[in-house]
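Presented sequentially are two complexes of subunit A, the first with subunit B as partner and the second with subunit C.
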Partner chain A sequence: MTKLQERTAKPGPADRPTRSSPRTAGRQWALLALAMAALILWPLVKLQARVVDDLPGALGRMVAIPGLGRIYLDTVIIAAGSTAVAVVSGTGLAWCLTRVPRRLYKWMSLLPIVPLLMPSVASVQGWSYLLSPRTGIINRYLREWGIGSGDSGPLDVYSMAGIILLTGIILTSFVFMFVSASLRQRGAELEAAAAACGASPGRTFLTVTLPMMRPALVYSTAIVLLLALGQFTVPLLLGTPDRIDVVSTAVYKVSADYPVDYSVGGALAVPLLLVGLVVILVQRRALRDERRYVSVSARSRQVGLTTSRWALVPIVGYLVVAVILPLGALVSVSLSPFWSGRISPSTFTLDNWVSVWSDRNTVGAITTTLYALLITLVIVLPLSYLVSVALLRRTRVPGSVRLIVDILSSIALCMPVSLLGFAFLFTYSEAPFRLYGTTAMVVVAYVTLTIPFAIRPQLSALTAIGPEYAEASRISGAGSLGTARRISFPLIRSGLGVSAALVTIIVAHEFTVSLMVTSPTRRVIGSLLYDETINGSAPDVAVLSLLMLAVTLVGIAISWVIAGGNTVDKI
Partner chain B sequence: MSEVRIDRLTKLFDSGGVRAVDDLSLNVAEGQLVVLLGPSGCGKTTLLRCVAGLETPDSGTIEIGGTPMFGRGGRTQVPTHKRGIGMVFQNYALWPHMTVEQNVAYPLRVRGTGRQERSMQAREALALVECEALAARIPSAISGGQQQRVALARALVARPGLLLFDEPLSNLDYRLRAQLRAQLRDLHRSIGFTGLYVTHDQTEAMQLGTVVAVLKEGRVEQLADPASLFSRPASAYVARFLGIGNRLELARDPDGSWVVGGGDVRIGLPAAGELPGDRFDLYLRSTDVSLAVPGSGPTDPDVGRVPGVVTDVVYSGESSDWVVQVGDARITASARTRTWPFGAGDRVEAVFRHSTALLYEHDDAGRLVESYGARPSLVS
Partner chain C sequence: MKFFSRKCRSVALAVLTAGAMVFTAGCGSGGAPADAGGSVADPGEGGGPAWQTVVDAANKEGQVVLYSNSDGVNAAFEAAWAKAYPGIKLVVSKYASGELTTKLDAEKGGGVVGADVITVSTKPWLDANLNSLVAPTGPALGKYWGGSRYVYGDGRYVLVAATPLGAGVNTEQLAKLGNPPVTTYKDLLQPQFKGALGIVPGTGAPAAEQWWFYAAKEMGGDSAVGRLADLQPRLYTVPATLATDLASGEVAVGAYNVKGTIDALAAKGAPIKFVTLEPVISTPVTAAVVGWAKNPNAAQVFQNWLLSPGGQIALNGSGSLLTPLELPALGSVPSTMRSIPTGATVVDGVLTPEQKTWVTDLWKSKLRLG
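The block that comes next holds the complex of A and B.
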C-alpha cells in the first residue's frame, strides 16, 4: 500500500502531525548537540588547526622560549605536590567529619566547603600579606619573637613550597566534597555489618571502608590533578619574584604580547590537552560498568561510631587557614592607609573603600562583571537544563546526541582553563566575530566555562526525582512544555539553585580567562585586580579582592531565592 | 468507545537483544478490567507503558477506542498526553510540591477546566476514594494507602477512556492491599471503567480481573477468566505462577506403570494408553492433597496415592502445611491445623484425585494434557 492510499484510508486524528514524532524530535536535539559543539569544540579545534598549519615554525619559536623544560617540570612538580596535599587533607577532613559529635554534624559538614566561596585570588593576596618575606604579618611577628633574623623571612610565600601548599589548600575542598559525599551516602551500616561478621576495626577499614571509598578517591584525585595542572592564579601571583612559570602562566604571557603568537600558545598547552583527553577516556572506561548516578536513600545513618571533640580541630583548623586568616589580612589591609606589615587599628580608615567608588575603572569593572554574570545565567540555565534532559538515560533523545553532548561536556571540564581562554581569544577576536573588547566576548567565554558545572546538579536532581512525576503529568494530558513548567522545574528547583550558585561562583572568581579575553577598556573585577597588583597599591588590591567575594555572596543569595529556600525540605 | 486493540506488538530492548514484548496481540472490551499477570521481566509493564505511550514499540499497532495510537511502523504515534488515559503508578507519583487537591485537579487544569469546576470535580473524585478530608494536605504528609487512593482519584478525575494500573498495590502491606483490592473491585463495578492492570500477585489478578492474561517472555501464555485460569492452567508455567507448587516428574515404565522422579516410587495413571508421550509433570494443588496411613483409605480408580515420609509440619495459625518427601520430590499438603495426626518422620501416603490434578508435557512449553483430569468420565 502506498503512503497516499494509507492516508486516505485512515483519516484518524493520529494522522495529524504530532509534536513528538521521533524524527523531528531527533532534529531538535541534534541542534542542541551542534550548539554545544560550536561553543566548546570549535575554539579548541580552530586553535589546534592553527598550530598544525604553522607546525615547524611554532615548534621552533616554542623551543626558543627560555627555560621551556623548567616550565614543564615546575608544572608537574606543582601539580603532583598540590594534588598530594589536597587528597591527603581532603580525605582526612572527610574522615574527621564522620567522627564529629552528632549535634555539630550539620554545621561541621558545611565548614570545609566554605573556602569554595573565597576567590582564589583573594586567598592568595591574603596569604601574601601574611607571609611575604619582608612585610608579611606572620613573618614580622616571628622575627619579633626571635625566630629568623634580619628584615626578611623566615617564611616565604613566593616560593615553590608556597605555591604547592596554597594550591593544595584551595583544592582540598573539592576532594572533601567527593569523599565526604561517598562516605555519607553509604552510612555506617556497611561497617557495622562487617563488625557483626567479626571483623576488627582495622580489618573493616581495609576490607570495607577503603574499597568503598576508592571510586570517590580515584575520581577526586583525577579531577584535582587536572585542576592543579591547569592552575594559573597561584603560580602567576606567587611565582613572579622567583621566576617560577607553569604552562598556564606561559600561555598567558604569550597572550599578553602583541601581536599574539597563537600557534606557540596553542602548542605550549598541547601536553595539558592530551592529559585532559586521557583522563576523559579513563573516566569513561571506569564508569562504563558502574551505574553512573545512583540515588541512595538518605536513610543510611552514621550509627554506632565513636565520636570525639578532637575531630573538630582539623575541620576548624582548615577553615582558619583557608578563609579566616587570609580574610582577616585582606580586611585589615583594606582598612589601612598604606601597607607596612603591621596591623594598627588606630590608623584604620574607610578611605580606600570610599575612593573605590569614585574610580571609573572599578565601577566599570564591577558593572561589567555583574552584567556578564546575569547574561551568563540567563543563557546557561536553560541550556544546561536541556543538556541534562538529553543526558538522562530514560528520555527518548537519540543515543548519538546523548553521547556527543556527554563527551562535549566532559571535554569542557577536563581542558585547562588557560587553554580555553587562549582559544576563546583566538576564535572570537578574529573575523567573523571580532568581539575583543566587548562584554559579549566575556559572556561567550563564561557560558562555555560554566555549562558543564551547571549540568551536574540539574542532572542529579532530575535523576533523583525519577521519571514517574513527568510521566504522570503526560498521562494527565499535559504536553512537554506544560510538564516542564508545572512539574519538572518546581521539582528540580533546588538543583537549578545549585547550578546558579556554581555559575555565580565560577564567574565571580574567574581570573584566568578574564585576564585573556578582556581588553583594557572593558575589564572585569578579576582583570582589574591583576592590573592593580602590578601597578596599584596594596590596600586597593585588598578592596578589590573583598569586592570579588561580595559579588560572590550576592550571587549566592540570588541562587538561594531561585532554589526557593525551603523547597529542599519539601522534597 | 474505550476498547483497546493491541495487534502483533513488538518492543525490543538493548538493540534487539531482549524481546520485552514479542508479537503480542490482546483485546480489551469496553468495561473489562484485564489483568496482565506474570513474574518480573515478563514484559507486562513494558506492554502497559507502550499502551500509555511512554515506550515506543518497534512494530505492531495499538488502538484505543477505535483511534490508532501507534502503528504504521511508528509513523502513527499519538503522544501520551493526547491518548485520553489515566494511570496509577507503582510509587503513586504524586507531585510533592502540590497539595492533594492540586494533584487530583491537575488533569482538569491541563485540559483548561475552570478553577471552580475543577475543584468541585477533584473533591468528587476524592470522595469516591474516601479521601476528601485530605484535600489540603501535601502528599508526603499522608500514608501510603492514602497516597494510593489519591493517585487513583487523579487517574479517574478526567473520566479517561482507559485506566492503566502499574502494580499499584505492591508497595503496601498485605492488610492494606486486601482492603484496597476490595475498594478497587467495588469501584470497577460501580463506574465500570475499562482498564489494564499489571501485577505479579495472583490474588490480585483473581479478585480484580474480568479477564487475566498470563504473560511469559513477552507473549500471552494464557488468556482466560479467573475461574477457568485457576482450574485448568494451560501450561506448567501458568500453574507454577498461580502457586500450584507440588510437582511430580513421571516417566513411563515398560510395564505400563509410571515412575515418580526417577526413584522407586510408582503410580498408575488412568487412561495411560491415550497419553501422548512418555514423560510428564503432574501438578497438584496443596489443598487437593490429603494424607493417609499407608494402605488405608479409599481405592477409587480416580484416586492416586504415593508413599512418602513427612519431613516437616509448618504451622501457620488456622492452617498448616505438611511437607512430604516422595522419592526425590517434595510435596505439600495444606489443611486446617490438626487435620492429620502426622509429624516429622511418619510414613504416610499422599492421596489425591486425578480429576483435580493437572498433567503437563515434560518439555519447555509444558502444555496441559487435556485428556487427563477434569473429566472423570474418561477414567475407566
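The block that comes next holds the complex of A and C.
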C-alpha cells in the first residue's frame, strides 16, 4: 500500500519547472544549503576538528571519566522517559481538546500552550520550592495530612523521577502544539464518518485520528526526543544533589575545568550527534511522502464529535501543574526576604523587585534581549520559509541538496547546548568575525539555535495545504515570489505565527548559550539570570525568572503584531 | 472591520506592555547604593604627573570591565569604587572559576571586547598567561606592597584577598538535632548530620578541591572522606545555593561557605550563621590587568585602587575576606577588618601530584562526583 502511494506521489506535470531550468534551480537551492552550512556547520566543524586532532587521547581521557556509562544511561533514561511523558500527555491533551464543549473550545485550546511561555528555569525553580524533600511546600502539606513520615519527603523533585516528569511536563506543550494544529487543520469529517458508522471514540482515535496525526506525531516525537537528549536546565538544577548527570551537564563540567579539555567535551557529545542524525533520518523516512497526509478542511474540528465536560479536567490540570503551581511559588519567593520553606504573607516585601530593577544591568539586559529577538525574527522567518520549501518533496530541489538542507536544519538540535555555546564563542570571537561583545554574535547564535523550531511549523503548514494552490498560481503565470507572497504566505500564516512565537520563546528563555556568547557589556536576560543563580539569593532569582516570563510576553506581543493576529490562538 | 479592531487590540497590548516595563523600570531606578565606607588615603598619592595622565585617560575611557569569581565583589564594593572614581563606570561580571578562565582564553587571542581587570583563584591560568598580563603602573603597588610575598610575576598578579571558607549552620535545624557543636572540621562528620548535611565539593575549581584536601586532613585523614560520604551529603555547585537551602532548612549544616553570603541572609532574618572552622583555610583572590584590555588606563586605575587602602577596605573591610596587608599600613580601617593570620593556609589553586591523585582516586570516587 505504501509503495503504491509512493509511486502515485511522483512529480506530475505541474511540478515541472515553468520559469527556470532544473540546473539553475538546483544551483539556487545549493546556495541555500551552503548558507545553512556556513551558519550551522562551521562552528561544529571547528569544534569537532579539535576532537579529531586529538582523537586517541580524547577517547582515553573520556573513558577515564568516572561513571561515564552511568552518564549515558541516565541521558537515555531521561530522554526516553520524558519523551514518553510528553508524547502521551501532549497527544492526550490534543485529543481531549477535540472533545471539550464547543463554547469553551477557544479558551481551552489556549491553555495547553500557556506553559510554553514559562521559562524552564522558572519552572524548575518553582517546583524546587514545592517539592524539595524537607522544605517543599507540597511535601510539608502532605506530611501534615499524614502522607509520608519523618521530616523528609514523600516526594523529591531532586530525583530521576522528578527530572523525567518535569522535563516531560515542559515538553508536553510542544507535542500538543504540533498534534493539535494538525488535528485542527484536518477537520473532523473522517472521525465523524467513523462515528456515524458506529465506531467508539477510542476506536475512532486509534484507527482514524492517530494515523492521520502521523506527520505531526513523528515531527513532535523527534523534536521532543532531541530536546530531551540535549536537556540541560532540568538535570543541571535538579540532578546535582543526587549526582544525576547527563551528557549536557557532563560537557558543561568538562568545559568548566581549567584547562578546558575541548577534545573530551566534543567527544562526549559525538554519540548524541550520531543519535540525532539517526532520528532525523528516521523521521525523514517515515514522512517521505507528505501527500499522503494532505487534508484541508473548511469545517470546524468539532462538528459531529461527542463532547464532554470531563475533557476539561486534564487540560486545566496540566495548566495547574505546569504553570500555576510553580508560578505561585516563584511569586511568593520573589516577595519574601529569603526562601524560608514557608509562605508567609506577613513578611512579603517589594525590596527584591526594587533591588533587581535598580541594577542597571537588568534594564540593559532586557533591552538587548528584545533587540536581539527582533533581529533574529527578521532573519529566521524568511530563512526558515526557504528551507521549508526546499524540504517539501514536491518542490524541484535535487534530492541530495534536500537531504543536506534537512540535516543541516536539524543538526543544532542534536548538540548539547552547552557545547554549542563554546563552539559559537570560539568561532565568532576569532578572525574574520570578531563578533564577541556585540549583539550580532548573540543574533547569530540565536538564529542557529532557533532555525529547527522555525522550520517545522511552516513545513507542517506547507505540507497540509498541498501543492494545488501554488500550482494553479504558477500555471496562471505567477512567479515564485508572487506565488509565495499571494498564495503560500496567507495560507501558512498560522505556521509563520507559530514560528515567530516559538523563536520568541526560545530566545527569551535561552540561558546556556547566552552565557557564552554575551559579554558583560552586552548581557541578555538569560545570562543575567545565570549570574544571579550562581551568585544571588533565591528571591532575586525568582524576580529575574518572572522578568524572563515578562520578556516572553512582550516578545509574544511583538510576534502577535508581526503575524497580524493572536499568535497564541494560532499556535 | 473585525481585522482592524483586532489589530488595534494587538498594538494597544504591545504599547501597554512596553509602557508597563518602562514605568516599572522608572520606579526601580531610585535605589540608593549601599554606603561603602572607605579610606581617606589617596590611591594616587605619590604617582606624580605621569600617573595623573593615566587617571585623566582613564576618565576619558569612562569604563572598566572586571571579571571576578569572588564573593567580595558585591554591591558595597561597587559603591566604594563609584565613590572613589565617579567618572569611571565599573562593569562587573561574575563567573564560576572554570567559566571565567574559559572566557579569558577565548578573549585573549581575539582582540575582542572583554575583561580589563580580573580577580581569579586559578593560579595555573595566571602562570600560563603571565605574558598576557600587565604589571601595575600606579603608585600603590610600590607604596603598600613592597616586599610582600603575595606579589607574583613582577607585580603582574597580586593576591588582594583571601577568602576564609567555613561552615554555615541553620540554628533551628541544629536545635532539632540536639545542638551538636560545629566548630571544627571533625564536627562535620557527626552521625546526626546524616541527610542534613550539604557540601560544595568544588569540582572544577582547583582551589576549592585543595580546600577539601586540607579540610579532610583536619577531619582525620583519608578515612574521613569515606565517613563524609556515608552521611549522604547533598551536593551543591556553589556556596550561594547551599546558603539558600541552609536558610530554608533543607539542610542543617553546610560546608564550605563564605561568611559574606551567610551574613547577607542572616541580616534578612534567616536563622543561619557562619562558623569559622579552625584552623582557617582560605582560597585566593588574585587580581591582574589583562594585556588585551580595551580600557587599559581605567584598568590601571582600578588595579591601583584595589591595591590601595581604599580598595582593600572595600574588598576586605567587612571581615568576610582577609587582607594580605598588615592593618597598620592601611591607616584607619573598620573594626571588622582582618589580616591573613600568620601561618594560615591559603591554597593557591595549583594541585600537586599528591592532591591530584587524592581528588581523582578518593574525593571524586567516594563522593561519586562526575
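Quick note on the criterion: the second predicted complex is superposed on the first by the 358 of 571 C-alpha atoms of A that agree within 3 Å, B and C clash if a C-alpha of one lies under 4 Å from a C-alpha of the other, contacts with A are read in each partner's own complex, and residues count from 1 in each chain.
Note that in this section contacts are C-beta pairs under 8 Å (C-beta built on N, C-alpha and C of every residue); 3 or more make two chains touch, one makes a residue touch a chain.
Everything numeric here is computed off the predicted structure, so don't read it as measured data.
Once the two structures are overlaid, the count of subunit A residues touched is higher for C than for its counterpart among subunit B and subunit C. In the superposed model, A:S255 lies in contact with subunit C only, and not with subunit B. In the superposed model, A:S358 lies in contact with subunit C only, and not with subunit B. By the touch criterion defined above, A:V554 lies against subunit C but remains apart from subunit B after alignment on the C-alpha atoms of chain A. Applying the stated contact rule after C-alpha superposition, one finds that A:S149 touches neither subunit B nor subunit C.
By the touch criterion stated above, A:A478 is placed in contact with subunit B alone, subunit C being left untouched.
In the superposition on chain A, A:T135 contacts subunit C only, with no contact to subunit B.
After overlaying the two complexes on the shared chain, residue contacts for A:S346 are found with neither subunit B nor subunit C.
Against subunit A, the residues of subunit C that register as touching in their complex are 3, 6-7, 10-11, 13-14, 17-18, 21, 24-25, 27-31, 63, 65, 67, 71, 91-99, 101-103, 105-107, 109-115, 122, 124-125, 128, 176, 195, 203-204, 206, 234-238, 240-241, 244-245, 247-251, 264-265, 268-270, 364-365, 368-370. Residues 52-54, 56, 67-69, 71-72, 74-82, 84-87, 89, 91, 93-97, 106-107, 110-111, 138, 140, 154-155, 158, 164 of subunit B are the ones that touch subunit A when the two sit in their complex. On the side of subunit A, the complex with subunit B involves touching residues 6, 10, 12-15, 18-22, 396, 466, 468-469, 471-479, 482-483, 486-487, 490-491, 567, 570-571.
Interface residues of subunit A facing subunit C in the complex, by the touch rule stated above, are 65-67, 71, 132-135, 151-152, 158, 240-241, 243, 245, 249-250, 253, 255-260, 337-341, 347, 353-358, 362-363, 366, 422, 425-426, 429-431, 434-438, 515-516, 519-521, 531, 533-538, 550, 553-554, 557-558, 560-561, 564-566.
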